[in-house]
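All remarks here apply to the structure that follows.
Per-chain residue numbering starts at 1, and chain names A, B, C, D and E are given in the order in which the chains are listed.
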Amino acid sequence: MSLDSQWEPKIVGFCCNWCSYAGADLAGLNRLSYSPTVRIVRVPCSGRVNPAFIIRAFQRGADAVLVSGCHPGDCHYVSGNYHARRRFLVFKRLLEYVGFEGERLQVRWISGSEGAKFAQTVDELDRKIKALGPNKKMRQEPPGFSGVKDHEG
Amino acid sequence: MDNPLKPYPATIVKITDETPDVKTFQIVFDDPGVWDHFRHKPGQVAQISVFGVGEATISITSSPTRKGLLEFSVKRVGLLTGALHQLEAGSKVGIRGPLGNHFPYEEMKGSDLLFIGGGIGLAPLRALIDFVLDGENRSHYGQVEIIYGARSAADLCFKDDLFNRWPHMPGTKVYLTIDRPEEGWNGHVGFVPSYLEEISPSPRNRFAITCGPPVMIKFVLSALQKLGFPDERIITTLEMKMKCGVGKCGRCNIGSKFVCVDGPVFYLSQLKELPPEF
Amino acid sequence: MKRIGVFVCWCGTNIGGVVDVPQVAKAASSFPGVVLATDYKYMCSEPGQELIVQAIREHRLTRVVVAACTPRLHENTFRKTLERAGLNPYLLEIANIREQCAWAHQKQPGRATEKAISLVRRAVAKASRLEPLFASTIPVTRKALVIGGGIAGMQAALDIADAGHQVILVEREPTIGGKMAMLDKTFPTLDCSACICTPKMVAVAQHPSITLYTYAEVEKVEGYVGNFEVTIRQKARSVDHTKCTGCGTCWEKCPTRVPSEFEQGLGTRKAIYVSFPQAVPNKPVIDRRHCRYFAAGKCRVCEKVCPTGAIDYQQGDQLIKEKVGAIVMATGYDLFEWEKVYGEYGYGRYPNVITSLQFERLINASGPTGGKILRPSDGKEPQSVVFVKCVGSRDPAKGKEYCSRICCMYTAKHAHQVLEKLPGARVYVFYMDVRTAGKAYEEFYLRTLQDGAHYIRGRVSKIYPEGDRLIVRGVDTLLGRQVEVGADLVVLATAVVPSRGAAELARLVGISCDQNDFYTEAHPKLRPVEANTAGIFLAGACQGPKDIPDTVAQASAAAAKVCALFSREEMAAEPTVAQVNQFLCYGCLECQKVCPYRAIEPVTVSENAAGKKIERTVASVNSGLCQGCGACTVACKPGAINLKGFSNEQVLAEVDALCL
Amino acid sequence: MRETARQLLREREVGLVIGYAAGSEAYWVTPAFIKEEAQADRLVWNPFCVNSLAKYLINYHHEPYKVAVVVKGCDSRALVRLLQDNQVQREKVVVIGIPCLGVVDAKAAALKIAPGTRILGASVTDGEFLLQTESGTLSLPRGEALCAKCRYCENPTPVLADTLLAEEVAAEPAANIYAEVREVESWPREKRSAFWDGHFQRCLRCYACRNICPACTCRECVFDQTDPCWVAKAHNLSENTAFHLIRAMHVAGRCVDCGECERACPVNIPLRLLNQKVIKDIKELFGVSTPGSRLDEMPALGMFATEDPDEFN
Amino acid sequence: MSVRDFLLTREGLHSWLSRLARDYPLIAPVEEEKGVITFKQVGGPQEIVFDCAPSTLPPKEWFLPSTEELFAFSTAGGGITLQEPPGPKERVLFGLHPCDVRALLALDPVFGGTYPDPYYLGRRKATIIVALSCTKPGPYCFCPAVGGDPVVAAGADLLLTESGSSFAVKAMTSRGEEIIQRYPGHFAPDEEGRGERARQELAGQLAGMFAFLPDLRGVKEFLDGHFELPYWEEVASRCLGCGICTYTCPTCHCFDIFDQSWDGARGLRARCWDSCMFSQFTRMAGGHNPRPTQKERVRNRFLHKLKYHQDRYGLGGCVGCGRCVAKCPVNIDIRRIIGDLKELASHG
């Protein structure tokens, strides 16, 4: 993908059904305008988000990933977000360690009443990623003649 | 085949439900010219591609005498066969083949033939059965007897052939059995090997060709030996995981033989020479 | 291929005014598996739904994607639509193109359309991976267990029993009644506590549907919602209650006196005792720790005097197994052990520094002083009484961070009572804030002020003796100066904490506690009386400090929840639960550790491995307990445990589709 | 060791002893599976006994007999993890612990020891490994020959053993175990990225790192699954990176820092540097110890504390 | 017949390689990472490692890439279009040792035969092979034991042998001759047979330098008659089941075929290396596995090297490069295996 002015970031969001997805709905309900670059996958809980999902998103060309769940203590499932918190503290550091820009993985606690926070988070992320440009780490092109390694390539 | 790894584009024209987990796919090549050099022989297999999912090795169940189309009976067991089962008539697939060796139909000329099948194992036999029964080929062979069994009546494949076609062909007998008694079944009940012993066909001037689940094959082979069939006239087919189908990818070897090119058809005498890794 | 139908909704102009709906439908028609893509003004309307039903039939659709408003709104609506067309309701996926697209990107219609297409692509990808799901049903044993026989437990038990269900009430003390039975009056109405509490106790005892186990504890809880198996330990009373008539001869004659728990140590009881005269059951138990016979092997006075031969020294603990469908936790509270940390208040060394609950006994007509306010050290009437609030509450350094909620009101009540009973006495109340949220509470507090109580805003820094009096030193933060008050009696409003053993009980029952060991409700707003484990409900102060009306309200609410559960013989379980692939599971049981619902248990499976029969341990999900959070799926390395409806395959396919 | 093995086998206390036998070169050993007393003489213990043997126990999980296994301190952590994960039953294992002064990096030794050399005996001093060969004594300076994982050893003495074959060795005061990790952390992002890309693109996906790893005990690994396909089979930088990152997360909280992955890697990918990063972060973030060092401490990512650090508000 | 032997000075070699790198993709051993020598395209001679013996990974990657596209497919628009990738450009592979060349000869019949594999054969045809005689065996080399010779490289186009300050060059094929003619001025005809002498001299020196040469005599015959041996269990108990031995082996050729597609409509079919050491290698969709335990898998690999390849193609399956010996993390050493089998054979 070229870095021309046409480029828009591709951001995959994982939102828990009970808080953050509702927060995103609320943002819309309140007609808060935010960048359309984030596209959400609904999951029951932030604790359902496997780091492998995020890796896959980066492989497939996502420029950033947003994981969002209930605030600690408010998890619909009691402790899912606490597990998620531990996991993503570690995973984010690992991503940075192997050379990702840390901003490309955002984890945020957004409650069902925080429509504005959702919109703001998305816009902030969008701005950051626009400044960083497209993600190149792990990015694959759709399978065709250049999808896999070939020495003669 | 200038590139043995590249399939011919083809289209499913008809799908028949054989049993709850077996479907028969009628497939024609998109380029009718392919048929002229495809020229499969009974017993050979082909790779069916579902693009985006992969390939599976399936025996060709239609006789080459049925020109212009191929039939494959596929049992749903894994990812690819599962994907295949979801396709509908009109779907595009790829066909790579024909692969492997074939039943020694030339050598069998002049002999009686005894087919012993179990479950989906009738599929490769059917290619030879129809080949032998079709047109003028019939005159080259003696009696044709088919012993076939399945877990239940519903699990019998090719019911039309079994009940409506083969029994009415000259010099042809069909013996059916199912594993357990069930309502509405008046036929034989019991496992194929014991039914074979009951029928006790004479080994004289007769080839026995068997295919079915590994356990069945094991007991059928010993039953046939007990009946006096020589190893050189007992023929079976083997199934191994295959990828390339052309003897290169390395996974279907039994000793130094590759099932994909040296098989799938083996005489018992050959099997006895192979290490027991199948 | 799956035959997928895509239905794009205009939602009038809500979606259609921003997103180019026909273009979305057109784009969707080219997605893999899509055999029909169409649009309609209002999909959720009757004709809209009919359109879907017709299309499912006509095009033999096997999966349906509706692109419309948030699934939180109409997922159920459209599931029913699918059902009407004969399709499994879970073969539906919704693309949220209203809240999360049209409404949020009104100013960028072009990009909104682009995003809508992407969201529909995601939904199609997920739809093609959807599998039919079936709600399973769980049989429900319509019998409830209530743990704790205080006002919360009694109320819950009575409500459930009145609805026609069997109830087992377990109380670890020899009597039910709990803390409320100890109180003198209740604020703000100043009703006699005993007068409203003891009839409840009797009602419980006499209710034909309530089985009462006092002096008993829950030992083990197995099973899951609708199907718990509970083991109750009936502690040895050493008295055969079937023979005992409660005549009282034994405790009259018993030679051993020990401080009474019921009197908060201000009075005594015997080694064979009933806690208080109105106890239910009104039959004694022997406190073996203090009984001479059990301690020294001699005495047997009670046995000798008992007219019915009810004394049974040989009696042992009994284990009782009960099957119940629901459990109500009503374990109440205890007081914060201020003696351990408040050195500045004398570590409990000064007899005239007492807790509010002791004060309740002191002022209670049936209490050790017959309702006279006499100070413990010398039995004199105090002339100056100092109340100190927030002892252990709102004190993260020494006690608890939280507010105990009831102290402001009962201290006002106590102040009022002192001023009423001891005319001329001075009353000082040290406070941080006065919180009087409740019907007629603020009015009551103001009355106490009018009565003449001195409220001093500030913490007490030290209490020390001077002669036979105490000096209470504190700061009046309103005046900004130090104050010292002489006191004959100091009453501490100590923090409310979960009753002793609450955390262990939580572990045993399988629910979770917060950092203060109060039981955690399933949702702080929407499910305040349910524990996080299905079938377990919370009533009263075990969930957090609360006063009697709130406790009773919560108890009745919990009872209502239990009755709702018991309204059918079977309950439907959500089918979006975790499921174990036993082939992949290698039995590390990491999933069990992260499951907040105790829905995962190890089971042993036997299988053939290289010709040998072996047994291995694998995880197994109880779909009755599983709530579908999916925490286990990420804890599982090989992906052996998967979540139906949000499976690994589905989420990966969604990610793939969104990135295209 | 031989005596212990002989005794265990003689008294039928165990049906199998897993230990080390001499390898085909002086600086290699090979795992030995001794079932008969007479075979016990094949067992050796020398500074080349680097392999972790604990994971082999899984293969004998269903055997009726007990198995004895030789473990060093680092290997004992692996054993603890296997016990915690129910992959090994404690009552079916006899743990022969060897307090260890450090083992030799075979790659370094191979530069000093000619192929075909026979080692007659070995000893360890503060500064060197001394090897008796047919042609005299050979010295390997500790600084050059010591295995990287032994430079800072948290458990020179096994944390779990039924018998110890030598005097306990005290752990050195905690040094800067993660100096290399911190070094990489301190690099500019581009440098880190290039560094790991360079390594990951070389990966052959031979899965030796996984197969040798005591934290990898799945019956079927996600990387071998085709539905869902977590990581494609294709060998390229993207898939290889995905492989290594997912693997790092799978062993997060389980990796005992035995260094076997790095040793096994045929193309010298510094895998320990990757896994140590995770160990270090988990320790710093959640205040736990190196996995496997305590039987009562379970994997950190399988639990939580409400007061865990939070960066996600 | 034209002259086939030439001499090349060290400087000449460097300038020739520089020219080659300009004219062709030039592939040669480079030290990719400390201690890891692999064949990579180079910009010039300065990047090349000349004295590796042998490289960490074999050059087979250039004929059977670890991952390679077979064709791209598209089912968009109702039909199917398949498109194969373009064939490789002509390139020069420099620095193969004789064992590596022998390994290619062992692979040729696998990919040729009744079903010629256009991908492998295309690469083979496009590759000019310049081999280099060994000047010193690697620590685990044992090619003489399996019929190899460190100074003979039948199958290469050119063979270079270091001799003092210069290299003896032997054109083994007409293609080799052509390439020499294409670079006049670099090669001096060797009319006095210096090259031959140098090679013989080197062969003499090398003969005693192999640390361990297992005796293969009678081993295949023994294996012909003994499939079931408890010995394999012992080997398997140590084996980790990783793919190191097969991936570093210059003659292992197993591969897997898989499809890759993000949307099911467009994608590609590719193959990548696979290993008979992996448990799922032979496991069928229904769950049956003809080689269910590591014992069968280990046995299959060694029988493949020592017997099956010979049976099928009349060629040895092991060329004695010692790569698997060097890299096996649990020291399963084929030299020892051969020795052990020999011993088992002698004990009947």
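FYI, a contact is a pair of C-beta atoms (placed from the backbone, for glycine too) under 8 Å apart; a residue touches a chain by one contact, two chains touch by 3 or more.
Predicted model, so just to flag it, every value in this text is computed and none were measured.
Note: the chain lying farthest from chain B is C, by mean C-alpha position. Two chain pairs are in question, C-D and D-E; the one with more C-beta pairs in contact is D-E. A separation of 35 Å divides the Cα centre of chain A from that of chain D. With centres set at the average Cα position, the gap from chain A to chain E is 45 Å. Centre-to-centre separation between chain A and chain B, using Cα means, comes to 51 Å. Separation between the centroids of chain B and chain E, computed from CA atoms only, is 39 Å.
Residues of chain C in contact with at least two other chains: 594, 635, 648, 652, 656, 659-660. Each of the following residues of chain A touches two or more other chains: 51-52, 56, 60, 79, 83, 87, 142, 147-149.
Listed for chain E are residues 66-67, 256, 258, 260-262, 264-265, 267, 270, 272, each touching two or more other chains. On the side of chain E, the complex with chain A involves touching residues 25, 41, 61-62, 65-69, 72, 83, 85, 88-89, 260-262, 266-268, 270, 272. Touching chain D in their complex are the following residues of chain C: 515, 583-590, 593-594, 609, 612, 614-617, 635, 637-639, 647-649, 652. Within the complex formed with chain A, the chain D residues making contact are 184-185, 189-190, 192-197, 222, 230, 234-239, 241-242, 244-246, 248-249, 252, 274, 277-278, 281-282, 285-286, 300-301, 303-306, 308-313.
Those residues of chain A lying in contact with chain D across their complex are 51-52, 55-56, 59, 71-73, 79, 82-83, 85-91, 93-101, 107-109, 137-140, 147-149. Interface residues of chain A facing chain E in the complex, by the touch rule stated above, are 60, 142-145, 147-152.
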